[in-house]
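You will see chain A twice below: alongside chain B first, and alongside chain C after that.
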Partner chain A sequence: MLPNNLQQTAAVLAARDQFAATGLPGAKSEPWIYTRLQEVVVNPAQSAQAATSPEAGLILHFDNGLLVSGDVAWPAGMAMRVFTDADMADFAAYLPEDHLLGTLSVGHVTSAIVIEVEAGAQITELLTLRFTANVADQSAHPLIFIKQGAGSQCRIVEHHESHAALSAPLIVMDIGAEAVLDHAKMQADTDSTKHLSLTVMAVAEKADINSFTTAIGGQLARHETHMHLNGEHADVALSSIYMARGTQHQDMTTRMLHQVPNCTSSQLIRGVLDDTAKGVFQGKVVVARDAQKTDGQQMSRALLLSRQAEADAKPELEIYADDVVCSHGATVGELDETHLFYLKSRGIEADEARMMLIEAFLLDTLETVRLDELRASLTTAIQRWMTGV
Partner chain B sequence: MAATQETIAAVEEATGQYKYGFVTDIEVEKAPKGLNEDIIRFISAKKDEPDWLLEWRLKAYQKWLTMDSPDWAKLDIPEIDYQDIHYYAAPKTAEGPKSLDEVDPELLATYEKLGIPLNEQKMLAGVAVDAVFDSVSVATTFREELAKAGVVFCPISEAVHSHPELVKKYLGSVVPVADNYFSALNSAVFTDGSFVFIPKGVRCPMELSTYFRINEKNTGQFERTLIIAEDQSYVSYLEGCTAPQRDENQLHAAVVELVALEDAEIKYSTVQNWYPGDAEGKGGIYNFVTKRGACRGDRAKISWTQVETGSAVTWKYPSCILQGKDSVGEFYSVAVTNGAQQADTGTKMIHLGEGSRSTIISKGISAGKSNNTYRGLVQVMPKAENARNFTQCDSLLVGDKCGAHTVPYIVSRNPSGKVEHEATTSRISEDQLFYCHQRGLDEEEAVSLIVNGFCREVMKELPMEFAVEAQKLIAISLEGSVG
Partner chain C sequence: MTLLEIKDLHAKIGDTEILHGINLTINRGEVHAIMGPNGSGKSTLSYVLSGREGYEVTGGDILLDGESVLEMEADERARAGMFLAFQYPVELPGVGGMTFLRAAVNARLREEGKDEVDQLAFVKLVRAKAKELGVSDDMLKRAVNVGFSGGEKKRYEILQMALLEPSLAVLDETDSGLDVDALRIVSEGVNALRGDQRGMLVITHYQRLLSHIVPDFVHILAHGKIIKSGDKSLALEVEENGYAGLIDAAE
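Now for the complex of A and B:
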């Protein structure tokens, strides 16, 4: 769903040129040191398949990167529109400069929509963004620009179930003062799909963000999240669970930018890796000179279930203010034999004991999810992953 | 070629009678500025080196030409003109001094000022000193006592002649020539350094110590140290550095290689307090050091302890390659930056052997306008069954214009390996300061006390005589950072 000329706007053309000029990151590119992009198929879908019939509820459905939902019954205070040229320039301004994922998807945009939440609107209905694809050699590049007004509240979930060469959604959320956002992402693309996403959240004062990612799909997936804390007393909680097996590759990359004083951020990351899967966590917390009284916490743990699995972590702190409390921790290890023994000695089968311990390992992260209605399906998804279904 | 002719002429001139005005008024013989194959041949000839070493140097130089200066560190380094540096300077003496009496008294006086224990009094302290003045070792004490134990402790230029088989076997075996830009440069132009060999089963009877100084203006120092500890041996090596004030930046690119065989232990301690430059960072030392130890044998242990307070720019990652089964690597570091200093320092622990263990304790203190980065890598390779790492990085910020950064890299390829990393960043709390004020300490004393407490875990790893000095050093380094 694009205005006819959007693909020809200056911002799109510039991004396309930039992407073509820079190409994929080389072996020495620091941001991609653990995730090598050997080959990325960029073949944006041009036109939608037959539009699906509108789904019940507040659902926006992107198929092959194109918006296919018909009319949606928008609740009062929430509305959607297609990008204008001005929106495109506005959107691009939020993206980090010369960022591979930014130029990739802006340059090859397949769909671009703005969702606006009016100031003060309390939207309790869950907005679902569904991303599907069924063409194996195509790529999807939807741009989604969410503008959440001051004092508003909204709840958003992304479901990624694509079968394509590449799914590369670009999401910018501008979250107004005192706004509350509950956000979740469920990524379960097929294991031949590459998933390269970039989510940028610009957070104003006293906003309250809770974002949760579960990543279990894709051949290679990179979930990059940039948080710009621009207003004082903002509170951000970012949690992720990634699980990979076979030859899957999961990459969680976060940048938490504390630009102003008195903000709080916390990150919990848990990874479970089996077979020859590889898991990557790169998390950077930057505290600017003026951002006094920052409280920035980050904890990443990875569990290796097989001898060939690999976990790489690079938690970074870059701190320029002196009156701050920042910490990060990272651990990598296997299931504790003594824990297994304890359970087995109480008559629990080895497989079941392992599952219990993995669930326990993920539990504290799962508990941070504020979208209560998702918790059950998240737990199911994790259990299904563990039983290999 | 004209340039080559010029160099040759300059080399000839330099080798003839030549006089300079020096701060310490000692005649110094030095190679002309610049770096090319002729300079390397000149250095090699000066050292009367065997052909294989000259070849090795030239190969390193060719490698270096193809390499780029690393830019991944969080450092802002002005471009270095490698052709504007003297690569060789030696205090001029008729013949090598046989005893202290023969050493130039001016030189001894300078050491005295720096508090280097070269003279008799220090014999009581049990310190054997291989003092390095600019690039050539001029005096070595306690050689005989060490020789009795079978320990070889001498300048590496001497070891090339006295123990060529050892030097040939181990030189460049831990830090390959082309490991990085600065190690390649060092391999091409290194002038001197220390060589230590501890034979099987010997516990070195005393702490070995060497003092590096940079004195000659515009003289890069390219020290090369090689320590080999055979099976079941033990050695503790102390390195301390001072340098007088200079206006121009001085380059230091040292390489230190440690080899620990079965059940051997090497403890390497450094106190580095080179001139950090003035408040704007002008004139300080550039310290680009490659230090690496290999635990080749089972149960071998290498322990690095460093107190880094000096230099304008520090780029230094003392590392351990834990090859042996149950081998142990340790890294204890205190890095203090003040003024406009920049430090990017940390360690690498490469776990290859089964049951290998490593501990990293890093304390970074930033004050003034400085930036202090911990950068470390912990890598558990597939065969490192039950490897264990614990890392703790704490940063302390003094003032609101400095920066503290932590960049740990963790790569785990074996599920039985356990890797833990913890990092915190904080400042001196008002409560702590208030408590000290209450007891009559002024601001500066209080900060010094608190910072020394913050570093205690590392300080206790230092040998006694260093620990006292290091505590004073930290207090001095933080002067002017408060109030």
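Now for the complex of A and C:
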């Protein structure tokens, strides 16, 4: 789904050159201090293998990073098209400057689409973005540009189930004034897949955003999310659950940029780590000088099920305004022995008791999900993770 | 018929031996009380019986229905019929009360090779038993013990006991933190569970609980040993004269 010349546009060529010049981050690169990138295969897939998703409904299916969906019955007020040169330049302008994941996927783009939601459109149907791959030596770099008009409402879920060397989706969402977005991401790539995603949301005034990530797959995954609060009275809730075992590595990196006054942001992050798995949370809340009356909350908690598991947390507040309510916190702990004993003393087997306590640990975060129809499948995915299926 | 036999039980926490050879036999249908001053080893005994980690048995044995439980985990002992009512019931944020009660009852049923409970029938059963013990519907809906008062936590313990129908109930300082009314409700709940097939071990510091739950036998525990046994009049003697005289006489 690329116009033939898109890979030769100025923005793409510039990104590719820059990625080639910069290379992977070195050991001293601050943003990558906890997540070392080694042996990242950048070999953009040329062709898809899977056919269109057989499921009916509002589904965009990317296989090997290429859009394979045929005709989708778009609801009124929602439409899709492939990138033009102008879109590419427009898209690139939202990305943070000199950002590794930006240059990586713009420079190696495999597919690029724009989804537009008209101003005022109330789309209740869930849009599913499905990402699959079955090429162990190739990489996928889909670019998705969502433009949500003022006062519109939409609901989007990403399903990542790739088996590839690298899945590196780049998503930009421009969310108009008073728009409402419910977004969820379920990342369950195979355990030989690296997942490096960057999601940028530009948020206008009075927009209301609820975004939830569940990350349980991949050999190494970095979920980087940048929220630019550009209009007053916007409200953003960004929550995530990650679970890793074996030698898996999960990285949740967020930047919450409060540029204007009177916005609210909250972040709840919960991690469960077993075996020698590693979890990383890097969350930065930046409050600009003019962004008075900002309410920015952030709380990360990691649960270690094994003594060899590791959780690194780097919460940061960078506040230039003087009338704000901001807080952050990060804890790392184990299951409480007295809690386990209490359950066991009632005859509940150790494994079941542990599962009950892990579910309880995740509960308050899970309750923030606004996409009701996903709640059951999220719970199932979490339970399946716990039983090791 | 012998239900519980504690034979020359020695136990330690870390490097410190707390129990120095306890002998006690409880038959089905009997209620035994263990009284003792602070630091005598009462709570340690309850944890050792129920199989809490960190409490190491260094000598002797504990037999339930003639079988040693020393190699059994806490959950296995519970499914074998043992129940500990905690002195300080544990709050479990995020664990729903009904989920918890059902998991416990189902674990017991599975052990006995029976079908798990029918969800609706179970809710009805729990509500009925809860009502008798003054446990409100609101408490049943909350997370386990979260936001409960001291008295509510103790009633919730007895509710669990009523649902699990253990053969041996160990009540660890169930009277602590209870006002007069709560003490009466809890005691009535316990007394309702007395029966031919069940044994009880009531651990307490004070006599007052024993005027509500009248024991068949009373044992005085001091420095990790039972120093005197008798009938309920022994509890009154402690009430009258304190522990000091008994301990001095034993030494």
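Heads up, the rule we're going with is that the second predicted complex is superposed on the first by the 384 of 389 C-alpha atoms of A that agree within 3 Å, B and C clash if a C-alpha of one lies under 4 Å from a C-alpha of the other, contacts with A are read in each partner's own complex, and residues count from 1 in each chain.
Everything below uses one rule, namely that a residue touches a chain if its C-beta (ideal position, glycine included) is under 8 Å from a C-beta of that chain, and two chains touch if they have at least 3 such contacts.
Treat the numbers as computed from the prediction; the structure is a model and nothing was measured.
A.B. asks: In the superposed arrangement, which partner chain does A:332 touch: chain B (first), chain C (second), both, or neither?
C.D. replies: First partner only.
A.B. asks: Return first, second, both or neither, reflecting whether A:363 touches chain B, chain C, both chains, or no partner chain.
C.D. replies: second
A.B. asks: Touch check for A:349: first (chain B), second (chain C), both, or neither?
C.D. replies: A:349: touches chain C, not chain B.
A.B. asks: Who does A:341 touch here: chain B (first), chain C (second), both, or neither?
C.D. replies: Touch partner of A:341: chain C, not chain B.
A.B. asks: In the overlay, answer first, second, both or neither for which of chain B and chain C A:118 touches.
C.D. replies: After superposition on chain A, A:118 lies in contact with neither partner.
A.B. asks: Per the contact definition in the header, classify A:275: touching chain B only (first), chain C only (second), both, or neither.
C.D. replies: In the superposition, A:275 touches no partner, neither chain B nor chain C.
A.B. asks: On chain A, which stretch or stretches are contacted by chain B in one complex as well as by chain C in the other?
C.D. replies: Common interface on chain A, chain B vs chain C: nothing in common.
A.B. asks: Going by the contact rule at the top, pick out the chain A residues touching chain B in the complex.
C.D. replies: Those in contact with chain B are residues 30, 34, 289, 292, 302, 304-334.
A.B. asks: Provide the residue numbers of chain A that touch chain C in the complex, in ascending order.
C.D. replies: Where chain A meets chain C, its residues are 337-339, 341-350, 352-353, 356-357, 359-364.
A.B. asks: Okay, in this complex, where on chain C does chain A touch?
C.D. replies: 50-54, 73-75, 78-79, 83-84, 86, 89-90, 92-95, 99-100, 103-104, 107-108, 111, 143-144, 160, 164
A.B. asks: Considering only the defined contacts, which chain B positions touch chain A in the complex?
C.D. replies: Contacts found on chain B: 72, 74, 380, 382, 395, 397-427.
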